[in-house]
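The structure that follows is given in the form of structure tokens.
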Amino acid sequence: MNTIGVAFRLTIFGSSHGPGVGCVVDGCPAGIQITPEMIQREVDLRKPSSGIGTPRAEEDLVQIQSGIVDGRTSGTPIQIFIQNKDKDSSKYAAFRTTPRPGHADYPALVKYGKDHDIRGGGQFSGRMTAPLVAAGAIAKALLGSKGIAIGAYSQAIGKVLDSEPYPFQVILEAPKRFTVRAASARMAALMEKEILRARDEGDSVGGVVRCVTIGLPVGVGEPFFDSLEGELAKMIFSIPAVKGIEFGAGFKAAQLKGSENNDQYQVAEGRVVALTNNAGGVLGGMTNGMPLDFKVAFKPTASISKEQRTVDLIKMENAMVKIEGRHDPCIVPRAVVVVESATALVLADLCLRGGFIAR
Amino acid sequence: MNTIGVAFRLTIFGSSHGPGVGCVVDGCPAGIQITPEMIQREVDLRKPSSGIGTPRAEEDLVQIQSGIVDGRTSGTPIQIFIQNKDKDSSKYAAFRTTPRPGHADYPALVKYGKDHDIRGGGQFSGRMTAPLVAAGAIAKALLGSKGIAIGAYSQAIGKVLDSEPYPFQVILEAPKRFTVRAASARMAALMEKEILRARDEGDSVGGVVRCVTIGLPVGVGEPFFDSLEGELAKMIFSIPAVKGIEFGAGFKAAQLKGSENNDQYQVAEGRVVALTNNAGGVLGGMTNGMPLDFKVAFKPTASISKEQRTVDLIKMENAMVKIEGRHDPCIVPRAVVVVESATALVLADLCLRGGFIAR
Amino acid sequence: MNTIGVAFRLTIFGSSHGPGVGCVVDGCPAGIQITPEMIQREVDLRKPSSGIGTPRAEEDLVQIQSGIVDGRTSGTPIQIFIQNKDKDSSKYAAFRTTPRPGHADYPALVKYGKDHDIRGGGQFSGRMTAPLVAAGAIAKALLGSKGIAIGAYSQAIGKVLDSEPYPFQVILEAPKRFTVRAASARMAALMEKEILRARDEGDSVGGVVRCVTIGLPVGVGEPFFDSLEGELAKMIFSIPAVKGIEFGAGFKAAQLKGSENNDQYQVAEGRVVALTNNAGGVLGGMTNGMPLDFKVAFKPTASISKEQRTVDLIKMENAMVKIEGRHDPCIVPRAVVVVESATALVLADLCLRGGFIAR
Amino acid sequence: MNTIGVAFRLTIFGSSHGPGVGCVVDGCPAGIQITPEMIQREVDLRKPSSGIGTPRAEEDLVQIQSGIVDGRTSGTPIQIFIQNKDKDSSKYAAFRTTPRPGHADYPALVKYGKDHDIRGGGQFSGRMTAPLVAAGAIAKALLGSKGIAIGAYSQAIGKVLDSEPYPFQVILEAPKRFTVRAASARMAALMEKEILRARDEGDSVGGVVRCVTIGLPVGVGEPFFDSLEGELAKMIFSIPAVKGIEFGAGFKAAQLKGSENNDQYQVAEGRVVALTNNAGGVLGGMTNGMPLDFKVAFKPTASISKEQRTVDLIKMENAMVKIEGRHDPCIVPRAVVVVESATALVLADLCLRGGFIAR
């Protein structure tokens, strides 16, 4: 369904080629400072960038229809609406018969049948992440009021991998300066080249987003099934194109010895700190006071202009499909702020549920 | 919290060093054939194996206290209890003061304070997966009645990686023959050696479990936030020591071109099939008719006998800790059936929610 | 929180004196015929009627912002927005200091403090039932497609009680003809007089709404805690001013003997029917095939123009309050369609959950 | 389903004629003092009393299987099991064919079919309230630690109505002294006579339970759909035989003028108090600092020994049924503690959700 969260709850609505998309955020305490500009700034970070993004030009103007009064949350549900303007549904009809490889077309057609709105991917479109980012801006403001900050960047685009650790301040600020959301100018140049090459080939590339959060108190995350990793993973996998998530050393931890992987403790300036952060800041489903640090794998955009094999579902015979819509050769740069937003939404919920933030 | 699922719902209870552990399964349709032996067989697959597992010897005798009558589910909640017998809590007191690296001790102490039951890891113990496996046996029986089968195996133990694809029947049957739950005799020998080496060094190793499900109808998975990957990831991350999950090509997909990663379709024997399965059987959060295929990364067991750096939380000064309990040098072989069970529980829930299985 | 329902889910937002109110309906199957006019017609039934209602004149124009395409549901969340136009917040400031008796002012101020938006009762206003009615129109269309019909009427206004049983067709049609939503012209005249007398005294009256549903299959209602009565009661008590609910003979059943109260069965035209309907169509939390029949008690409108005793919360001393806003001398006529809508929403959810309506 | 609550969560299991019944309570903070004796004492209050109750003699011995250590909650789920001993299922087979009037037999058979366990009413039996009372004892202990106390009594049995107001201390203590749970000796005698008369006629009577809670802070109850009345009503309607609930003046409020019904405020001993309590302690879905006061209507026991009309579902023809099991001629006395327990469970949940009790 389209609602998530227990104490800080998000509902999204709309579809790629309908009148617009939007969200309702319920459970945000009253009195949090949040201006339309703050929300707009986040939503703008999700817009495609000239050259490396889709030519679809959405203004994505954020309209707050309830819940924020005079730049402060009023304690009632916050509703935000974003109109769709530049929609062009003309090219989608064919996909009802010849589903696009890598897209939700085929399972959606089998599941929802003829009444399913396939235009622009309908509810499976990446456009649904626009209201998610708007909602995330509110969660960020709430968390920010407690000193919690979230940063993310493109750690890999195609075969360009960035293995630098980076101080948090760089992660927080640098990516906004580069359209590919890299953490350094050097990586930005390499990554942009990787995307442009794919675009020129009529192809696409995927990548990895790394997300780091600092300032979290110890103990955020609810018992057993509502672990921090579990709640975060559930949210992250609702972002289209995500195929994997790992915390801290992640899959690499599987190859380490316990003596290498365990983050040993010491006292530093009167606080307990870990000497390493292979755990990614989570133990037993709860934050341990170290930065929350995880990576998300994005597959390459499914829409490519190369001709692909598919089936004609009416005739039940092999067929070919060529996708001519407007698409991103790489979704990763736009997904960086989406991952941040998703993280903010989950952390806001868990902080409220755990009593770390008062309602 | 300790409850998960919407239409097929699991609640677990108990702790590692209390009288026992157990579960309640709610929502299972009436009339499903399930004997105590079927449940016991699954639970036994989770037991430690001599040599490579912990010396803690639990009988793990499954007691069905309600919901199954004459080998059939009655439609009311199913309650199962497993007594703890071989508990030895004597060595846990110290960890209240000097938390073990890599364990939940530190965040749990900060969060729950002095009333927190730390013995055996309390509710953070891997022992909580015993009732999860018992519940999973019921979910497997339900899915099995619809022709859905789940298999998993140790795909990596420490640095021993198994990159064979394997036919499903091998994945379903072979691992039960090897205590390390490898998919072949050759890998079993290598993996066992890897575990024994770690054990002899007073150390531990992690690994990767691959889980494959066949027979799923197309369209299993609910819209947006309740995607198949999301629901599954949430459940899987509640298993202690899990640090990552990836579907199909997963993190490797991030390095592929769209033209390489897209699974193109063709008609085969009157059915739509994909030529590859980089998606791992999931598109748009729904099954696409291909095998559901994902991997789970487990970190090395946190409890090692080597001395480690920690802090004394009372004196707030650096300290050392040595863990003398009985522990598995590698949790992965025992986790194989846990991953299968977790998968079965989520799939049973989503199949019921989507109307693929009638209530 | 502002979300309710499992398989058919409603989220409401907005407040009485903000830009507007609205709702998101999630889980409605695709292909249900529903025009904006059908929704508008229901919402219009909630408008105050000249003379017996508040002079606040809201146009209540329904704007569908997503989920309905060409007069049919598309399967994605349906979002509806209703602008507030005739808002006059000038008279609410005083109630922050001197809370109005019978209103949520006092507990809301204690709970939410200074950031609470008290204008027009904020989120505690009856205005929040406007989007509930809009959502109910969709639920009614869904149920109507399965032959399920819901009717309600003012069974009591103040001391005017209507004890006629009425055939269902009368309940369905007659009340729409009378502004007080009575079931007969004679009762309408008496009830209107009762309201006008209260209004002329600067006072208000309450009443009882009876709601009847026919066409329900046997077995609607989920086990134990999710009983039909329980789910319905939870929804109904979210309607402002509701103070009681009873099914069938209700509180009168408490005075009957078992032999009088039990609804005995017989076969009629090949179907099982009950000779009486003291159960109100519900047994064991499930429908039994008889009409679902329940009554809802509404207290008199709390806002009256008579001067009342209250306290000054700043000075903590006794004070007087006089309410000068525009209010309904009786809320019951407007509440009739709200009760119908609430019922439709719960039944749609339970029918979907129980598999009586396919998703 | 068999789980209820968000932050304080109850799951029940078992059935009337299986091995036993039980519950899991999740979310109770650690460190609450609760002995097995405290739980047993509450459960014993639900036992039938000689003469006025069923001859079924259940020992109802409470076994705590996890979550309570040394008389204190440990913060992990609390599991309690109560064995069924005196079960006699011999007389239930006939009801599969000829459903008992007033029971769940008919809708349950239609809904669940042949696999439904009908013995003793299966999951629709009043026996499921035994674990509810056990869980309620824990909720009472938690609330008691904050000075919140709950009392209830039989306010009406059949035609014997008790309209005395009673001070809270009497409500808390007196009913435990009388097997009919009346609030005074005089009413106890009258009510007992009413029950015995019905029993001697092979008939049954219903009644009304009034429940009062003191010590609640102002503001307990969540916004809109999760109102105190709504959450309470949902829980109360899961108690078998409940047909109505009303808060404060309830259905009588519908006949009052606003000026009569509004509870006006004054300052008394530095606190805000209301001069009357027609609201029953709830405004806008939240507690207002006055006692929470509501009434629950119970229908007469459906099982009576008089012969009744029913249908033969196999032959689809009219038939007669005579119920020979062991039953209570009046369920109300035993329901008094059940209503208290249900109230405690909901209040514990809402107090935790609202941050009035820390987790």
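Going in written order, the chains are labelled A, B, C and D, and every chain counts its residues from 1.
Here is the rule we go by: contacts are C-beta pairs under 8 Å (C-beta built on N, C-alpha and C of every residue); 3 or more make two chains touch, one makes a residue touch a chain.
Remember, predicted model here, so these are calculated numbers, not experimental data.
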| item | value |
| --- | --- |
| Of B-C and A-C, whichever chain pair has more C-beta contact pairs | A-C |
| Chain pair equivalent in interface to C-D, over half of contacts matched, among B-D, A-D or A-B | A-B |
| Separation of mean Cα positions, chain B and chain A [Å, integer] | 26 |
| Euclidean distance of C-alpha centroids - chain A vs chain C, Å | 39 |
| Whole-Å gap separating chain B and chain C, where each centre is the average of the chain's CA atoms | 46 |
| Junction residues of chain C, two or more chains touched | 1-3, 12, 76, 112, 123, 223, 354 |
| Touching residues (chain side chain C, partner chain B) in the complex | 6-7, 76, 223, 353-355, 358-359 |
| Chain C contact footprint on chain D (complex, rising order) | 1-4, 12, 99, 101-104, 106-108, 110-111, 123-124, 128, 156, 158-159, 198, 201, 203-208, 218-219, 221-227, 229-231, 233-238, 240, 242-251, 253-267, 270, 272, 274-275, 278-280, 283-289, 295, 297-304, 306, 308-311, 313, 316-318, 354 |
| Residue numbers on chain C that touch chain A, as the complex places them | 1-3, 9, 11-15, 18-22, 24, 26-27, 30-31, 65-67, 69, 72-79, 81, 112-113, 115-117, 122-123 |
